[in-house]
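Dropping the structures in below, format is C-alpha cells.
You will see two complexes here that share chain A, one where it goes with chain B and one where it goes with chain C.
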Partner chain A sequence: MSAASMRLGGGHTALDDHDDKSRQAQRRADTWMISGALFLGTAILGFIGLPLYLRGLSIQSQAERQGLSVRPVIVTLIGYLVIIDAALNSFGWALDMIAHHTLVARVFLTTWGAMFDGGYFWHYNELWIGGATAPGEKSWEIALLPVVFCMRLAAAIGFLQMKRWGQQWLVVTCWFGVVAWTGYVANMTIFADVRYAHVAFPVWGWWLYDIFYITPFLAIPYLHSVNREIFSE
Partner chain B sequence: MNNQTISEHDRRRKRALIAFQIVFYGYLLTMFLTQMYMYSQRDW
Partner chain C sequence: MSPSSTPSLPLGTSPAFAGMHKWLKRGLIVCLTALVIEGAFTVPFCFIYYGWPTLSLQDVCSELMRVRYSDDNVVCQYPYPLFGPAEGELAKKTAQDRWGVLPRPLYKRIGFRELVTIHNERLARQAASKT
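Entry: the complex of A and B
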C-alpha cells in the first residue's frame, strides 16, 4: 500500500492531507506577500510593505523546508517583483497624468524630480496635460501605462497562480519592457540637458534609482528556459 | 524530435539569450557612460 492511499479516516488520504497543508501554507504566505506588495506598489508607503512581504516569503520558505508543495521561490520572486514594478509605474504615471494637481503629486513627484530628473521638476504642471514637461514623457505615459504595465500586472498574477497563460504573457510583456526601456533610456540621453540640469543627483542618481525597474529583464532567460510543464492550463 | 535535436535546440536558445543579455545591457551601459560623459562636460 502506498503512502498516498493510506487512509487517515473519513476518506481523507495522506496525499489529500499534504495537499491541504500545502494550500494553507501557500495561502498564508500569499496573504502576507500580497499585503506587502500593495504597500510597496504605492512607493510612498513602501517602508510598511517590505517587512510584510519578507514575512510572507519566510513563511513560504519554511513550508518548503517542511516538504510541503508550495510555489517555487524563483516564481514567487519574479511574480511579485513584476507586480511591484508594474504597480509603481502605473500609480506614479497615473498620478502624473490625471492627478498632477493633487498635493501628493505636487510634493512627491516634484521632490523626486528635484533630486533625479528635472523633467519632473522644471515647469511642472505647465503643459496642457499632466504634470511632467520632459519632451516625450507624456507619449511614454500614454503608450506604456495601459499597454505594458496593466498587462504586466495581469500576467504576473496569472504567473503566480502557476497558469500557462501567465507564463506566456509574462514573456510577451518582458519583451515589451525591452522595447520600452530601449526607447526611454534613449530619450533620457537625447534630452539629457533638460532632464539633468540643476538636479541634486544628475545621471548616477537616476540610474541608481531606476536600475530596480530595469532588473525585471533578468527574468527573460528564466522564462524562456523554464520547464513549461510546471504551469497548468 | 529526438533528444539530441532538443538539446541542440536548447543549447542554441541559451546562446541566443546570453547574446541578447550582452547586447541589451551593453546598450544600457553605453547610454549611462554617454550621460556621464555629458555630465563631465556640462554645467549641470
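Entry: the complex of A and C
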C-alpha cells in the first residue's frame, strides 16, 4: 500500500498528515524558543529566557524521537546562538552609540571599562559622538552594529527556517564575524595600553569573558560540512 | 541511499563529519550556557564591585569620573541636559595620561568596592576641613 493510497479523507494523505504534525511540533517548539531568545538577548533577563528556550528545545527533540520531521538540533542551536550573540553585542553597543549620557549606560559601560576593557573608561564620553573613545572602537561599533549584526540576525532567521539563502548568508556573515574578531582583537592589541592599563581584570579577564562569543568559529565548520540539500529554496 | 539518511546520524550530517558535528554541538551548548550566565550577572556584578547599593548609581558614576579625570570636583550630572556638550568635554583638562602615538592612562586600578572607601574618605576630609 503506497502512501498516496492511504487516504484519510478529502485527498489528505498520510504524508500530508505527517507534514502537518511536523510543522505544528516545530512551530510549538519555536514559540517557546523565540520567547526564550527574546529574554536571553536582553542579557539581564537571561535567566528567565533559559528555561523557556530549553523547554522549546526539548519539545523539538521529543518530536524528533517520535519520528516527526523537525529541524536538526545543531541547526537550532546555531541559529538561536547567532541571534542571541547579535542581541547581546547590540545591547551594550546600542547603549554606547545612542544612550551614552543616560545614568544607567554611563554606570554600566564605565564599570565594564574599569573592570575589563579600558576603552570604555578612558576619556569616556569625550568624543562629539559620545561613548567609548578608544582608538577605532567607535568605527567598529558603526561597522558591526547596524551592518554586520543586522545581517547576521537576518541570516540566522532564514537559517532557522531551513532556507537555502539562510544557510548561504550565514556562511557569508559568519566569515564577516571572523573578520570582525580579527580586526577588533588586533586593534585592542595595538592599543593595549589604553585597553588594559590599570583595569581590574585585564587581558585574561577580557578573554575569559568574551571567548564565549566565538559563535562564527563554531558555525563555519558546520555550515561548510552540512549536506546543503536539507535546506530548501 | 545517501549517507545522510543513516538512522543514527542527524539530518544533514554525513558519517565523515559526525564526530566534528558532535563536538561542535557540545561547544555551542557550552557557549549558550556561558552567555546566559554572563549576560545575567554582568550588570549586577559590575554595579556591586564598584560600590552599589552602598553608593547610589549617581555616586558610582561620579566616583568613576573622579578617578578617570584625577579631579575630586567633577560630578556626574543627572539627568544630563539633552542638548548639552559631551560630558568629558568639561572635565578633560585634568586627565592624567602619557600621550604619544600609543597613549597610556595613568589612573590607578580600582579594587573590589574600593570606591566606597574613597568616597567615605573624601567626605571625612571635607568634613574635617570645614571644622
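Quick note on the criterion: the second predicted complex is superposed on the first by the 226 of 233 C-alpha atoms of A that agree within 3 Å, B and C clash if a C-alpha of one lies under 4 Å from a C-alpha of the other, contacts with A are read in each partner's own complex, and residues count from 1 in each chain.
Definition applied: a contact is a pair of C-beta atoms (placed from the backbone, for glycine too) under 8 Å apart; a residue touches a chain by one contact, two chains touch by 3 or more.
Worth saying up front: this structure is predicted, and the values here are computed from it rather than measured.
J.: Report the partner of chain A that touches more of its residues: chain B or chain C.
T.: The partner making contact with more of chain A's residues is C.
J.: Tell me the contact category for A:Met188 with respect to chain B and chain C: first, second, both or neither.
T.: first
J.: Per the contact definition in the header, classify A:Ala197: touching chain B only (first), chain C only (second), both, or neither.
T.: A:Ala197 contacts both chain B and chain C.
J.: Looking at A:Val178, would you say it contacts chain B, chain C, both, or neither? Reply first, second, both or neither.
T.: Only chain B is touched by A:Val178; chain C is not.
J.: Given the touch rule stated above, what does A:Leu50 touch, chain B (first), chain C (second), both, or neither?
T.: second
J.: Scan A:Pro221 for contacts with chain B and chain C and give back first, second, both or neither.
T.: It touches chain B and chain C both.
J.: Taking the superposition as given, does A:Trp207 touch the first partner, chain B, the second, chain C, both, or neither?
T.: In the superposed model, A:Trp207 contacts chain B only, not chain C.
J.: Report for A:Thr110: first if it touches chain B alone, second if chain C alone, otherwise both or neither.
T.: After superposition on chain A, A:Thr110 lies in contact with chain C alone.
J.: Do any residues of chain A touch both chain B and chain C, and if so, which are they?
T.: 193, 197-199, 214, 221, 225
J.: State the interface residues of chain C toward chain A in the complex, per the touch definition above.
T.: For chain C paired with chain A, touching residues are 2, 4, 10-14, 16-17, 20-21, 24-25, 27-40, 42-44, 46-47, 49-50, 52, 57-58, 60-61, 64-65, 67-68, 76, 78-80, 84, 86-89, 92, 95, 97, 102-105, 107-111.
J.: Considering the complex alone, what residue numbers of chain B touch chain A?
T.: 10, 13-14, 17-18, 20-21, 24, 27-28, 31-32, 34-36, 38-39, 42, 44
J.: In the complex of these two chains, what residues of chain A are touching chain C?
T.: Listed in rising order, the residues are 40, 42-47, 49-50, 72-75, 77-78, 80-81, 84-85, 88, 101-104, 106-108, 110-112, 114-115, 118, 121-128, 130, 133, 190-191, 193-194, 197-200, 209, 212-215, 218, 221-222, 225-227, 229-230.
J.: For chain A, which residues count as touching chain B in their complex?
T.: Chain A residues touching chain B: 178, 181-182, 185-186, 188-189, 192-193, 196-199, 202-204, 207, 214, 217, 220-221, 224-225.
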